[in-house]
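Data first, discussion second: the structure below is written as C-alpha cells.
For reference, chains read A, B, C and D in written order, and residue numbers begin at 1 within each chain.
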Amino acid sequence: MPFPAPLRGVVPPVLTPLTPTGRVDTASVRRLTEHLIGAGVHGLFLLGSSGEAAYLTDTQRLTALETAVDSAAGRVPVLAGVIETTTARVLDRAADAARAGADALVATAPFYARTHPVEIADHFRRVREGAGLPLLAYDIPVAVHTRLPRDVVLGLAADGTLAGLKDSSGDEGALRRLLIELRRHAPDFSVLTGSELTVDCALLAGVDGVVPGLGNVDARGYVRLYTAARSGDWAAAKAEQDRLAALFALTEAGDPALMGPGSAALGGFKAAAHLLGLIDCAATAAPQVPLDATAVARVRDLLTEAGLL
Amino acid sequence: MPFPAPLRGVVPPVLTPLTPTGRVDTASVRRLTEHLIGAGVHGLFLLGSSGEAAYLTDTQRLTALETAVDSAAGRVPVLAGVIETTTARVLDRAADAARAGADALVATAPFYARTHPVEIADHFRRVREGAGLPLLAYDIPVAVHTRLPRDVVLGLAADGTLAGLKDSSGDEGALRRLLIELRRHAPDFSVLTGSELTVDCALLAGVDGVVPGLGNVDARGYVRLYTAARSGDWAAAKAEQDRLAALFALTEAGDPALMGPGSAALGGFKAAAHLLGLIDCAATAAPQVPLDATAVARVRDLLTEAGLL
Amino acid sequence: MPFPAPLRGVVPPVLTPLTPTGRVDTASVRRLTEHLIGAGVHGLFLLGSSGEAAYLTDTQRLTALETAVDSAAGRVPVLAGVIETTTARVLDRAADAARAGADALVATAPFYARTHPVEIADHFRRVREGAGLPLLAYDIPVAVHTRLPRDVVLGLAADGTLAGLKDSSGDEGALRRLLIELRRHAPDFSVLTGSELTVDCALLAGVDGVVPGLGNVDARGYVRLYTAARSGDWAAAKAEQDRLAALFALTEAGDPALMGPGSAALGGFKAAAHLLGLIDCAATAAPQVPLDATAVARVRDLLTEAGLL
Amino acid sequence: MPFPAPLRGVVPPVLTPLTPTGRVDTASVRRLTEHLIGAGVHGLFLLGSSGEAAYLTDTQRLTALETAVDSAAGRVPVLAGVIETTTARVLDRAADAARAGADALVATAPFYARTHPVEIADHFRRVREGAGLPLLAYDIPVAVHTRLPRDVVLGLAADGTLAGLKDSSGDEGALRRLLIELRRHAPDFSVLTGSELTVDCALLAGVDGVVPGLGNVDARGYVRLYTAARSGDWAAAKAEQDRLAALFALTEAGDPALMGPGSAALGGFKAAAHLLGLIDCAATAAPQVPLDATAVARVRDLLTEAGLL
C-alpha cells in the first residue's frame, strides 16, 4: 500500500521481546503486533528506542523487523528505525529494512560524530536518495545530543526529502512554532509526537499522531485518546491522558540507585507487557539491569490502578 | 488583599522600561502596568527574566517594583522576583520586596553555586520563613542550569512552604506528571506556566495560569486565550495561541550572529511595546545588544500581521 | 603598590570563615590571611568560589574584604571577586571593592542571563572602565555555564581591558593554545590557573601562577611546588603536586548522597582549616550541608597522611 | 607478540584514507602506516575518532584494519576501535577485529542509550569476556556524552578487565587523581592521553603514552616529545609541544560557519597528510563538509611554519 501522506494516528514504537537467553522472541513479536493492530493502532514503528534498537545486533534488528512486517501483513504501515551514527551506516541498515519490507524509515541526525546543520541536512538527503523509501526524521536529543534545527526540518519538508518527523525533543514550544510553519507550507508532512504524556496537548496543537512507548502497554488507551481528540472531545482526551500519565510511573519502578533511566523505562514497559500476557519474557538486552521483584510488584499495582489487570 | 490560593489567570512578567540613559522609566512602568490591568490580567510579575532582573541593580529593582505596586493599587496582586544566587542574598532582596509592598515572592533554586536537592529544599524553606510572604518557586533551567526535582516541589507544596510554581522548564511531560500529583494532594497550590507558546495545552493539562513575556505585547490576546480555555472552547483557545505563537517570531528579529538570544527576545518585546506606545523607549540594559532598524521593521511587520498595529 | 604585571605565584582564593551563627569571623579572616602571607603566598584572592562569594550578602562580602585588606597591609596584592549576574550589578560590587581597598578585581562573564561573545566582551570593557581597577577575567564554566571564547580573551588582553585571566575551565588544551598566543602578543598579561591538581603541568605550559582552593589548607605545599617549578626542578614539582592531589580527596569526604559537590568541597576545606587551627569554626553558609563526624574524621586522616597534622 | 603491559609511547589514531569516490584507499593506508612506523611510533590505533570510525561501514572498517595489520606485520601492536552503541554490537565488531588480527580493542561506554555506572562496568566486562583480546576503555565524553567514573575505571583495572585507558576527556585534574590511584594499585595498566595539546604535561603527570590525531601529520614531532620527556628534558618536551600546539590550528582552518568542528578537524588532518604526500586524497566521509581552497592554503602555511614543508 502507498505510505499515508500524512501518516496519522497511533503508531507504537514496538518493543523487541527477547528470550531468557537474549534471542529475539519472534512468537512474542507476532503476539504483540497482533495485539496492537487489534487495538486499532494506525501503524507500527519497529527498532526505535523502545524497541531497544541501540542494544540489538544487525541480525536481531532484521529478525524483529521481518517478523513484524510479516505479522502486519499490510494491515498497517510498518516504519523501521535505522539507528546508526552516520550516513553510510544508516544506508546499510536502510538496505536491510527495505529487504525486510518496511514501508518507511526513521533516521536520526548523526550522533557520536559532531555535525553542523548543513551536514545534518545533507545526511537526510543522502539517506532519502540512497534508500528509496519514505523517510521520517527522528528528533531525540536525549540520545543524539543535538536538536534538529527548525530551518533544517522546514527545508527538508519543503523539498520532499522528509515525509515526516518523529518529535521526541520534549520541546513543545518549538514544536508549536514548527507546526504553524508546516501547516502553511507542507500539508502532507506528518508530525508524530513521541511525548507520550502530553498527547492531548500535541493533538490540540496540531500533530498528526503519536508514537507512545506506553502504547505497548495500553494501546487501547492511546487509541481512545486519539479518537476523542479527533472528535473534539478534549475533556475525554484529557481524562484519558491523565490516566495514562499516572500509569507512566511504571517507567520509574526500578531503583535509580541501581540502574539507569533506560533500564528502568524499558524494564517497566516489558514487565508490564509480560504481566499483561503480551510477551513471554520481560528480559531486556545487556547491559541493562533487570527490574527486581519489588519493582515488578510496583508495575503490577500500577496496571491494576489503570484498570488493565 | 489576601494572596489568591491558588492564583489563577494571566500574570505577565512585566518589562522594566528604561530611559535612553539606562534609568528606570517610572512613567512607562505606570503606563505599561495600567495597560495590562486594563487588558484584564489577573496579576503582575515584576523582576522576572522578562523584567531584566538579572541586569538591574538593587536600586533599579526597587524602583521598578515600588512603582508597579503603587500603580496596581491593590487591583491585582503583584509578585516580585527575588533573583539572587543563594539564600542570604535572596532574603536581602525579599526584604526590599516586602518593603515595596509586593504580595508574593518568586525565587529560583540557587545558581552559580552547585547544590543538592536537599539544599534546594532547605533554601526555599529558609526563604519562606525569613521573608514572611507567600513564595512561588521559579523553575527556569535555561538560567539556573538545574531542574527543580519533582519530589522537592511536591514536598514543599505539601508542607506549605510554596504557594505555587512558575514553570519555565519547557518540560511539559514532567509538568503533566507533577500536576496529577498536585491536584490530588495540594489543591490550593498555584501552577503557572512560563511557556507562552503552549498555553492552551497547559490549561488543558490543568495549570492555573500563565506568565507570558509576550503578554507585555498582547495582553488582551492572552486574556482571550485564558477565557476561551476556561469556558472549554478549545478551538478558540488554540486559534488564539497559534496567532500568538506566530507573533512570538518577534523574539528572533535580531540577528543571531550579532547578539545572544536574550538580547533578541528582550529587544523584541521592548521594540514591540514601544511601537505600540506602551513604553517610551525600547532600550535594554547593558551589555545587551540593541535591535537595529531592520529588526525593528520586522517587529513592526509581525505586529501588523497579528492585528495589533 | 602598583599591581604586578604580570602577577605571578601562588594566590589562594581565601576562605571566608564564619561564626557558628553565620557572621563573618573577622578574627579568623585575620589569622588565616596572616598564615597565608607567612607561608609565602604572592597574593590573596578574596570573594571567589572558595570564599563562598555566591553565598554571602553584600555586607558580608565587604566585611571579609575590608578585613583581609587591612590584614595584608600592602604586603601582597589583594584581588576581589565581584561575582554578580551582569554589568551594572558587577559595577556596584566593584565600587564596594574599591572602597575596601582591593588592588584588582576578578569578574566572570554574565551568568543567569544568556549572552553572546560580543556582549561578554562589552561587559568586561564596561566593568574595566567603570571600576578603575585592574581587572582579571574569571573563566569558571561550572558556575557560569559558558566558556570565555579564546578570541574574546585575546582581544581584551590586546586592548588592555584585562590584566589577566583566572582559568578554572579545566580545559588545559584550550589554555595551552591561549598561552601560545598570549606569550607572543601580551607578555604582561597574567594567566593564573584555578586547576589545583595540575599546577606543575600548568607551570610547565607557561602559566604565571595558581589560585588553589587547597592552598588554604597547605599554602606552604603550593609555594614549594611553585618554587620547584620556577627553578626547573620538575621532578620535585611533580612529587609535591602528587602529594597535594592525594590531599584533595578531602573535598570528597562528605557523602554525595547527602550533599552537593560544593558543600563537600567547601566543607572539606573549612574542616581542614579548622583542624589546623587556622579558623575558629568550620561552618559554611546556608543552605550548604555541613560535614558530619565521619567526614571530618576522614579529613583529619588525609591531613595526617599529607604530613600536616 | 604479547600485548605490552603497559603499552607505552606514541600510538597515533590512524586516519582512514579514502578515494575520491569514498572507498578505503588501501595503498594510502599502507603508505601512511609505513610512514608512522618509520617515524618511530610505538603502536597504531585504527578506527578511532581520527579514523572516522563513526562514518565508516562495517566493511570499510574491516578493510582499513586488515590493511593496517598486514602493513604493521607485527612490528608494532595494532589497536582497533570497536565503536558501537552497546554491548552486543561491540562484540560483533570485536569479532571482526579479532579476525583481522588486531592486538587489542578500544571500546567506549554505551552511547545513544543512557546507562548507569553499573551498566557501564558490566558492558566492559562482557566485552572483555566475549572478545578474548586485551581491552582498553575509551573515555571521550564529547562523543559519548558521559564520563567514565573514576571508580569504574579503578575497579575494572583492579580485576583485570581493562588493560588500559585512552583518556580523551580533557579533564586533566581527574586524570591526575586517577593516575595516583592506578600507580599504587595497577602498575601494568596503560594510560594513554588523547589530549594532544598537553602531552608534555600528561607525561609529567605520569601517563604511559599518547594517542595524538596530529601524530598523523607530525609523528616525528610526537616521538621527539615523548623521548625528551622520558629522558627528563622537560624544557625540550615543552618546546616541542608548543610547536605542535601551534600546528594544531590546522584543525580550525575550515570556516565554522560552513561546517562542524569534526569536519574541520578531520579535514585539516587529511589535507595536511595529503600535502605531505602521506595519502593520495584528502576526502573525508559524507556528510562531512570538505575544506575549500582557502582552508587548504591555511593548512599549507601552518605546515610550513612548523617546518614540515
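Basically, a residue touches a chain if its C-beta (ideal position, glycine included) is under 8 Å from a C-beta of that chain, and two chains touch if they have at least 3 such contacts.
For clarity, every value in this text was computed on a predicted model and none was experimentally measured.
Q: Please determine the option from A-D, B-C or C-D whose contacts repeat those of A-B, over half of the contact pairs being identical by residue number.
A: Checking each pair in A-D, B-C or C-D, only one repeats A-B, namely C-D.
Q: Of all the other chains, whose mean CA position lies farthest from chain C?
A: A
Q: Give me the superposition rotation angle from chain A to chain D, based on Cα atoms, as a multiple of 5 degrees.
A: 180
Q: Any idea if chain B and chain C meet via the same residues, over half in common, or different ones?
A: Shared-number fraction above one half, so same.
Q: Please compute the C-alpha centroid of chain B, do the same for chain C, then give the distance between them in whole Å.
A: 35
Q: Which whole number of Å gives the spacing of the CA centres of chain B and chain D?
A: 49
Q: Mind pulling the residue numbers of chain D that touch at least two other chains?
A: none
Q: Touching pairs of chains, which are they?
A: Here the touching chain pairs work out to A-B, A-D, B-C, C-D.
Q: Where on chain C is chain D touching in the complex?
A: 170-173, 176-177, 180, 195-198, 200-202, 204-206, 232, 234-235, 238, 241-242, 245-246, 248-249
Q: Name, in rising order, each residue of chain D that touches chain A in their complex.
A: Listed in rising order, the residues of chain D that touch chain A are 22, 54-58, 60, 83, 85-89, 92, 110-116, 118-120, 122-123, 126, 142-145, 258-263, 285-289.
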